[in-house]
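Here subunit A shows up in two complexes: once beside subunit B, once beside subunit C.
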Partner chain A sequence: MLSIRDLHFSYGKRSVYTGFNLDIPAGQICLLTGINGVGKSTLLRLIAGVLRPKKGTIVYPETMGGEPRRKIGFISDQLSLYESLTVDQTIRFHCDVFGLDRIDDRLIRLTKIEGGRRVKELSTGQRTILHLNMILSLDPELLLIDEVIHSIDAYLRRVFLEELIALIARKRVTVLMANLNFHDIEALIERVILLKSGTIAVDEPIETLKKKVKKIIAPAPPAGLTILSQRPFPDRSEYYVYPYLENSALRDVEVVDLDLTEIVAAFIGGEYAA
Partner chain B sequence: MKVPGYLGIKIDFQSALPVYEQVKRAIKLAILTGTLKDGEAVASIRDLAQRLQINPNTIIKIYGQLETEGFLASRPGLGYFVRFEIACGGNDRSPLFEALSEDFVHQAVELGFTREDIQKQIDKIFDRTTGKPRHGQ
Partner chain C sequence: MLRKEVRDALRRLAECLILLVAVPLGYIWDRAIVHYGWRFVDIVPAVFTATIFLFAVYSGVSLFSSEKKDRALEYMLSLPVSRSKIVLAKVVPRLSILVGLWGGFAILAGKGWNWIILVFLLFLFFIAASLSIAIDSAVIGLLGVFLLFGAFDLSSSTLTFVAWKLGLISSIHNVWFGWTAAGVLILGPFAAAFLLVIRNLQAMPLRLQMRPYYRLALPSFLVVIFLILKFFGAYLAATGRLG
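And then the complex of A and B:
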């Protein structure tokens, strides 16, 4: 279990977290979402140990041992790679730091990243794959993924996801990913955590969430249901509701199931409208 | 009838039917219709997860349930295998019938048809298929 207790963090005078709590059981695949600037990346960095909390504790699963940071794979959009090193030098440096003889560079070869190229000459996608390849060599138990898969091309994204799936299939790895775009990761996610002003606004297993958030197309706002956000149209408007109750006595309406992208947009849309 | 192969399963994310339920049904149907033959190995957990881009834990859950229901048998270290005879109770076609009906009824309900609509539709298709209109109609 990854346990975050009473976490406090601020950037200067701007508080991001004041007494934040979160538990993630080992092996769970979680999505962390919320509007831009809500603190998703900050939370990942705090868990990764890149940032230090002002107060509070982060307890890592026991299986991660006395040096948990070695077992954390943090894949960020601001990748910690040395720009002027070549790919080969980067890998050698990585091996020296972590005491490895060599690493399996299958991904780097698969995606045709040349060893002599400098990191600064690589595309975002290639840098991500290089980084992922090194992280996989450390056999991580906790994987923190910060938005990166948005900025890489469709093929490399598939390679990335396949590697992630293989890792989950191989061992009990806990994954926390911050994302705003979900169509290709929806079926990986077990739990959705939506942040709002430094607290958890929604925390549900994905299957529950899909049952509870619906779009209702109706001539007037559906009575008795909480509306997250709406899209007005001249005739019948669209109302995103949560929680939707199966026995709602709604007449003359259409109830539409939603995918995760639409669900998150419904929550976030409500925040923009507020 | 064209039998859907389970490896080409397309997951419908807009459906309220959970992903595991969609995949489980597709595999069950593949077994019941003979796309997957008795004794044949099903895809490994990792393989199917990567192919469908879904969580391997979901596949573990599906295979586990299909094993409990008698559709699959696991052989340690080798993976999961189809148990067609047992799943289908020899010549008893009723599990196949049930799986097909389940699929049909579920989809019809999802499309918003009522019990009455479905029953009428069945009668109509039955008549058309057998060429024997029901008595009194």
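And then the complex of A and C:
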């Protein structure tokens, strides 16, 4: 279990987390979402150890040993690497630090990235593939992926997801993904965590969330239901409600199931409208 | 990681060795303009010594330049290597090259091993290293080192004078007291600030992590500057060096 207790963090005077708590069981695949600037990337960086909390603890599963970073595969939206090194030098450096003889460079070979090219000469998608290939080769127990999947093309995105699925099938890897584009990963997600103002606004298994968030098309706001956001139209408006109660006495309405993208958009839309 | 740091250190050395172009330039300048009668064997040791001193400062100031320039700080911190081991991996190759350079020069020049100059080179390196995380530009870092060294030099005399005036020491020429006091007042806080920043180094803008410098190093430095402005003149007068 990855356990975060009473986490406090701020950038200078700007507070991001004050007393944040979260438990993630081993092997769970979680989506971390929320409006831009809510602290998704910050949370991933705190878990990865590249940021240090002012207060609070992050306890890693015992199976990760005394140095958890050895078992964490972290890729941030910054795609931070030594840009003056070549691809081959970067891989050698990575292997040296992690004690690997070599890495499985299937993804890199697929994209035909030349080993002699400097990292700064690579496109964003190529850097993403290089970084993803390196972290997957670590056989990590905890994967932290921050909003990078959308920067690679559709074919490589599919290849990466296949590698990820194979990794999940092979071992109980815990995955925490911060993403704004869910279409490709929806089938993988088990749990959705929506952040708001440094706290958890929603934390539900995905199937439960799909049952609880509905779009109601009605001439007037549905009574007795909490409206997250709405889209007004001349005759009938769309109301996104949470939680939707099955036995609500609603008449002359249409209740529509939503996919994950629409669910998260409903929550985020409500925040922007507030 | 060590291999990369050795490569970085050698790159810094190569950048400093550009100074050796001063040898033929100096020879040509002497032949064409000033006519001091310099020979190559006169110019080479001076330029090489300057190169070694420059390397001591430059390699210290550029301790974290690859992480800053390559935007790799976050990647470096994500690696399963402690912050102290990162610093060690950076310092050891640079110090080894510095000591090797000075030793090689001492042997080739037939001057013998001068411990005092070696200690001075190490001293310059550590001053520069203590500024490395706080300063982005190598040029400003070099100026910072010279400023700190100048402050150290002036404050060692000033503090000796103040202690002598207070009756704490018997001689106004107690050099060891001056160096120790200046070391404690200037270099100590800068070194402490550096170690505190490194211990808590994070992947966020470095300007948000410089609090130890503002709270430890800067006040101490300002106190020293005040003491120099107030008492250095009196020290010069007391030692007969004024006027």
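As a convention for this text, the second predicted complex is superposed on the first by the 274 of 274 C-alpha atoms of A that agree within 3 Å, B and C clash if a C-alpha of one lies under 4 Å from a C-alpha of the other, contacts with A are read in each partner's own complex, and residues count from 1 in each chain.
Keep in mind that, in the parts below, a contact is a pair of C-beta atoms (placed from the backbone, for glycine too) under 8 Å apart; a residue touches a chain by one contact, two chains touch by 3 or more.
No experiment lies behind these values; they were computed from the predicted model shown.
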Superposed partners subunit B and subunit C on subunit A - clash or fit: fit
First (subunit B), second (subunit C), both or neither touched by A:37: neither
Touched partner set for A:52, first subunit B, second subunit C, both or neither: second
A:188 touches, of subunit B and subunit C: first, second, both or neither? first
First (subunit B), second (subunit C), both or neither touched by A:162: first
First (subunit B), second (subunit C), both or neither touched by A:80: second
First (subunit B), second (subunit C), both or neither touched by A:258: first
Smallest separation of CA atoms, subunit C relative to subunit B, angstrom: 27
Residues of subunit A contacting subunit B in one complex and subunit C in the other: none
Interfacial residue positions of subunit A with respect to subunit B in the complex: 27, 29, 158, 161-162, 165-166, 168-170, 183-190, 207, 210-211, 256-260
Subunit A contact footprint on subunit C (complex, rising order): 1, 3-4, 66, 69-75, 77-81, 200, 202-205, 208
Interfacial residue positions of subunit A with respect to subunit C in the complex: 11-12, 45, 48-52, 67, 69-70, 72, 74, 76, 78, 80-85, 89, 93, 96-98, 119-120
Touching residues on subunit B, where the partner in the complex is subunit A: 11, 13-16, 18-19, 45-46, 49-50, 52-58
